[in-house]
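What follows is a structure written as structure tokens; I'll ask about it next.
The letters A, B, C, D and E name the chains in turn, as written, and every chain counts its residues from 1.
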Amino acid sequence: MRVHQRVKRILRHYESDNPGTKANLARILTHGRLGNTGKLVILPVDQGFEHGPARSFAPNPDGYDPHYHYQLAIDAGLSAFAAPLGLLEAGADTFAGAIPTILKLNSSNSHATSKDQAITGSIGDALRLGCSAVGFTIYPGSDDCFPMMEEIRELAEEAKSVGLAVVIWSYPRGGNLSKEGETAIDVTAYAAHMAALLGAHIIKVKPPTDHIEQEDARKVYEKQGVDISTLSARIAHVMQSSFAGRRLVVFSGGGAKGTDALLDEIRALRDGGASGSIIGRNSFQRPREEALALLESVIDIYRGKA
Amino acid sequence: MRVHQRVKRILRHYESDNPGTKANLARILTHGRLGNTGKLVILPVDQGFEHGPARSFAPNPDGYDPHYHYQLAIDAGLSAFAAPLGLLEAGADTFAGAIPTILKLNSSNSHATSKDQAITGSIGDALRLGCSAVGFTIYPGSDDCFPMMEEIRELAEEAKSVGLAVVIWSYPRGGNLSKEGETAIDVTAYAAHMAALLGAHIIKVKPPTDHIEQEDARKVYEKQGVDISTLSARIAHVMQSSFAGRRLVVFSGGGAKGTDALLDEIRALRDGGASGSIIGRNSFQRPREEALALLESVIDIYRGKA
Amino acid sequence: MRVHQRVKRILRHYESDNPGTKANLARILTHGRLGNTGKLVILPVDQGFEHGPARSFAPNPDGYDPHYHYQLAIDAGLSAFAAPLGLLEAGADTFAGAIPTILKLNSSNSHATSKDQAITGSIGDALRLGCSAVGFTIYPGSDDCFPMMEEIRELAEEAKSVGLAVVIWSYPRGGNLSKEGETAIDVTAYAAHMAALLGAHIIKVKPPTDHIEQEDARKVYEKQGVDISTLSARIAHVMQSSFAGRRLVVFSGGGAKGTDALLDEIRALRDGGASGSIIGRNSFQRPREEALALLESVIDIYRGKA
Amino acid sequence: MRVHQRVKRILRHYESDNPGTKANLARILTHGRLGNTGKLVILPVDQGFEHGPARSFAPNPDGYDPHYHYQLAIDAGLSAFAAPLGLLEAGADTFAGAIPTILKLNSSNSHATSKDQAITGSIGDALRLGCSAVGFTIYPGSDDCFPMMEEIRELAEEAKSVGLAVVIWSYPRGGNLSKEGETAIDVTAYAAHMAALLGAHIIKVKPPTDHIEQEDARKVYEKQGVDISTLSARIAHVMQSSFAGRRLVVFSGGGAKGTDALLDEIRALRDGGASGSIIGRNSFQRPREEALALLESVIDIYRGKA
Amino acid sequence: MRVHQRVKRILRHYESDNPGTKANLARILTHGRLGNTGKLVILPVDQGFEHGPARSFAPNPDGYDPHYHYQLAIDAGLSAFAAPLGLLEAGADTFAGAIPTILKLNSSNSHATSKDQAITGSIGDALRLGCSAVGFTIYPGSDDCFPMMEEIRELAEEAKSVGLAVVIWSYPRGGNLSKEGETAIDVTAYAAHMAALLGAHIIKVKPPTDHIEQEDARKVYEKQGVDISTLSARIAHVMQSSFAGRRLVVFSGGGAKGTDALLDEIRALRDGGASGSIIGRNSFQRPREEALALLESVIDIYRGKA
């Protein structure tokens, strides 16, 4: 693994971390077709937990097999593969060392009666499975947001002490938030900022709309003339809100959509300075060859070729 | 104990586990009349906790004595015997080494005022009693589902670290679920999938009906044409939802029923690819000779002889 | 201390226990006038916590002094003395080794606003006070029943690991239970069974009435013709529900009553196969000489002399 | 420090305690003008936490300074000084060894929205500050009473293991208790008894009125003719309820009142057999010289001189 | 670092602390332009967590970068810099040793649905980041006040044991408090007093108004003629309520306001004996040169030059 200057510059932003954590961040940033570009694309497969197996895998039944996803992420030249405990366990030995893995430490499901998640993995699990990082979801706005923050605080401290990187999925919902507010620009930038303050190395948020949810925020956005007119401008604002770009921020692809729409969105993300994407259903619910082609296009965009 | 290729192939699916856990899975898979077939039948005796002693044992009063069940499981050539703490303690020395045992770690009862269970055993208990595995019930859908998942997460991590296998009873109930939904095909496949994601080695669910509970799921089942028309087809779908058959899934026999109906159901389970059955009331509530005959028939079906 | 065959046979039922716990059970079963008979009578003095000092001790003011109860239990030749922390502390040195003691680990009081108890003692306390056993109350049916079960589970595991015996007071109340149901035969047998499943060495329940509380249970009692017509028959059913007599079960004397009524009840308990009695208010609220005479009569009944 | 027979007799009542705890009890019982009399007077300064600084100290502004209280307790020849963490920290070095100190481990305040207290100190704090004892308030009757009892249980076990003495402030309130019931004789005697059962070495309650709160208690008081007609008789009943006088019980002075009324009350306490008094606002809210004179009078009463 | 007599006198007030904690207090008190004056000015940057990034940093976008704030605090010659975990992590190495830092251990946000904060940092974090102190917010009056107090109690004990200083932000709100009451003089003095009793080395409160919130307090303020007529008088009362000036108390600047108004307020704080100020939005939301000029003026006031 050769580490280029571009990656070294990024690693220097993580100035409080020990060499173990930096090495794991470097593993992700030097792996795959985006290796050493400073960009990254991650395959997450937690939809089975969130939405159930049929809704996740029936469109492309190969996806019922955990090995399918490992292989897809490897063959597509992605930067890392993220999944809950059982799914990583089912391929951890076969694919040991083949791609950096991220153990998702908490999970919700579509039967849930609260805006919360269950902790379903541990730092010890991540270590025994050879993971490079752990992932954790917080729901800013939720009545359970404080306990969720306290959980990731404790897990992140432990992760950093053993040289793992920390990825925070910051997904506003619940409490006083409107449905539209969940992807509002003020709420999304705030969500990314809180993830950064919680000590995340990599932050995952959704691409924001130009809706502004909180009145006190609206006044400032308008008075200061913060540009939120285009997706690229909004992405730039989210990156700025993540310690002026000192933190890696990746954006989810959201629900399944057409190829053209998806690639247009990726270009806007790239133009706004996003660190990369995290693409689940839009990749593994297509037939493998289509998925590989799509991911190649995504990577090409981040490599500046499209 | 000779371990056949068929069992070795199954063990290879548990690729993250240490030799201790694989050895305990092998103990269950090589024991009894189904030894080395890759199939298993388990005797569970937790009904005394769930429904009380009279409802469980008055029909066949020999069952008040814990030794009766140990002996029944041994004489019937079953794969394992599962029970709560006190019941295992009452025979652990007399029957030490005679049959693999599974300590049920949590229990509910018919006076309970919430859809939850109390933790009534520990990993330390399982070790001192010489068990091969621990069992734990989750109630997907219940308001207490997240805490239950967090309990088994912690217990499973500890179990795996000391070489025990983990069996999850995944029984949907409570919350927004309708009574019919508790055994709906979408809910059952989802319940099995979540147990797999939680890291279970063996999953226990109920045979599903063709009811579909969640609207978002119905759309996918219909659009993708998932076959749920017969019990065998539904079992195959549950197996597929359990990491494409990489996990052992056993099905409960449900309430007491006639012998013919039960055996017909077992054949459907077998034809759908089920790993086996877990049969409680249908065995120990009959006179011993009848029970032995019934279990012989069940085993014959799984051995492909009936 | 000589241990007779009758006691050795009882100890063999505790087949998972270490020699330390068996020795402590043996201390109780070989002590006092019922030593080596396999029967036991215990003096419990937790009424001061449950009902207050005046209601407990004003009828016989000597009882305000903890030493009085130690001495009463010793002079009456009882098997053991059970009390909360502070009361045992107040006499533990003076009476060290003079009678087996049981530290009651939780307590309620008549100001309580929930059907629960506070944990008021620890295993460490029991060890430093030289106790042979610990006692714990659960309220089957109560909204707090699951946490109470989890508390005794953890305490019992620790107790067994350091060679103490475990006594569970299983007193149904709260939740959906009617007042009459608290002593119903189905509820009492179930309460004893759950205590056994929780790993109790000695179970304490109240003598049951012939009321049946739960409809599902009634059907079974009637269909199977379980005999609950006399107190002795009901006691036999409770013993059967306690692992077919593999566990010691003692019955409380209930509220203060006349001597004849009490002795009649003791005879019925004996005839039903009860392991013994636990008699509080009926002994210490009488003048000392009356109490000694009464306890002598009770012991004589269990010795088969009356 | 010479320990007289009177104190040794008291120490013999604490028969389960280690020499460390007995030594600390002896430090309190041999210190000050009441040293070796078997009586004690304690200065508590937790009113700043309970009622705020102005209500506590504005009447005598010297009291804003923690050193003032240390010096007052020393100069008045009191037995011990009790205060919350920060206040003791502010003088612990200056007055090291000058007077036994009691760290109050929990505190409420006049903004509180529940009948509970926050834990604000630890056993480790008490040790590093050189304290002889720790203090803890329980609110019998409160909805939070069980958790409070469990807190002091755990803290008391730890305190005793490191040789500290335990003082329990037992102040009934909340739940079903009427305002008048908080100082009722039945409730107060019960509160003292529960503190004794919880393992307190020293118990603090309020002087009780002749009101009886609970109907079941009233019947017993009337039937048994318990004398509650005078304050002295009621104090005697509280002492009796504290293990027949085997535990030290001190009584609070209550709200600020006139000197004569206060001294009359002290005489009644003494005549009833009280172990002593704990006097806060009535001492530190007066000018220092008045306070010293008052405390001298109080001590003279307990010495039998007035 | 030379430590002047003035600072040594202050350190003597912290008489229970170990040399490690005193050294860290000395680091803060000897650093910057107020070094060795006994006064201090702190830059806090937790507004991003509390109000979001745009409301905090859009007025002066340089503030999105954590390094900006470190550098501002250093160049302005401030005493210390306080921020949440992620923000300190982002500059801890670059600015190691350049200015004392305070890790804010808990945080709220403008989506919160309760008057509480999440714990977002640990003592271990503070140590690995080279901090001199930890900060923690309590909300006196809030329904969550007791848990918050218990959290800081535990954290403060750990902090002191490893030589860190403890800063408590005591901000009344919630429960029965009116909006006006949050800055009432009685409530503010009480809030400072409770922070002192909890063991804080440095206390942060808001400048109080002359409103009195609690009736019982009003009576005392009026009867005793406590002077609350001017801000300086009120500050003096707060200092008095903080152990008669034995504890350092700094006052926040509140919302952004004009320079003249701010400096007038600082003069009143100084005249009342305040230990110093903690100024966030009023400094970092202005252009850097303006902020430096303002902070120079503030420091000059505390140095007695203006």
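Here is the rule we use: a residue touches a chain if its C-beta (ideal position, glycine included) is under 8 Å from a C-beta of that chain, and two chains touch if they have at least 3 such contacts.
Note that the structure is predicted; figures quoted are calculated from it, not measured.
S.K.: Which chains sit in contact with both members of the pair chain A and chain E?
M.R.: Looking at chain E and chain A together, no chain touches each of them.
S.K.: Using only the C-alpha atoms, find the rotation that maps chain C onto chain D and quote its angle between 0 and 180 degrees, to the nearest 5.
M.R.: 70
S.K.: With chain centres defined as C-alpha means, what is the inter-centre distance between chain A and chain D in Å?
M.R.: Centre-to-centre distance between chain A and chain D: 58 Å.
S.K.: If a residue has to touch 2 or more other chains to count, which residues of chain A qualify?
M.R.: If we look for residues of chain A contacting two or more partner chains, we find none.
S.K.: Are the chains arranged, by touching, as a line, ring, star, complete graph, or other?
M.R.: Drawn as a graph, the chains make one closed cycle, so a ring.
S.K.: What residues of chain E sit close enough to touch chain D in their complex?
M.R.: Residues 13-17, 140-143, 145-147, 149-150, 153-154, 157, 161, 172, 175-177, 186-187, 189-190, 193-194, 196-200, 214, 216-217, 220-221, 224, 226, 237, 240-241, 243-244, 246 of chain E touch chain D in their complex.
S.K.: What residues on chain D touch chain E, complex-wise?
M.R.: 48-49, 51-55, 58-59, 61, 64-66, 84-94, 107, 109-114, 116-122, 124-125, 128-129
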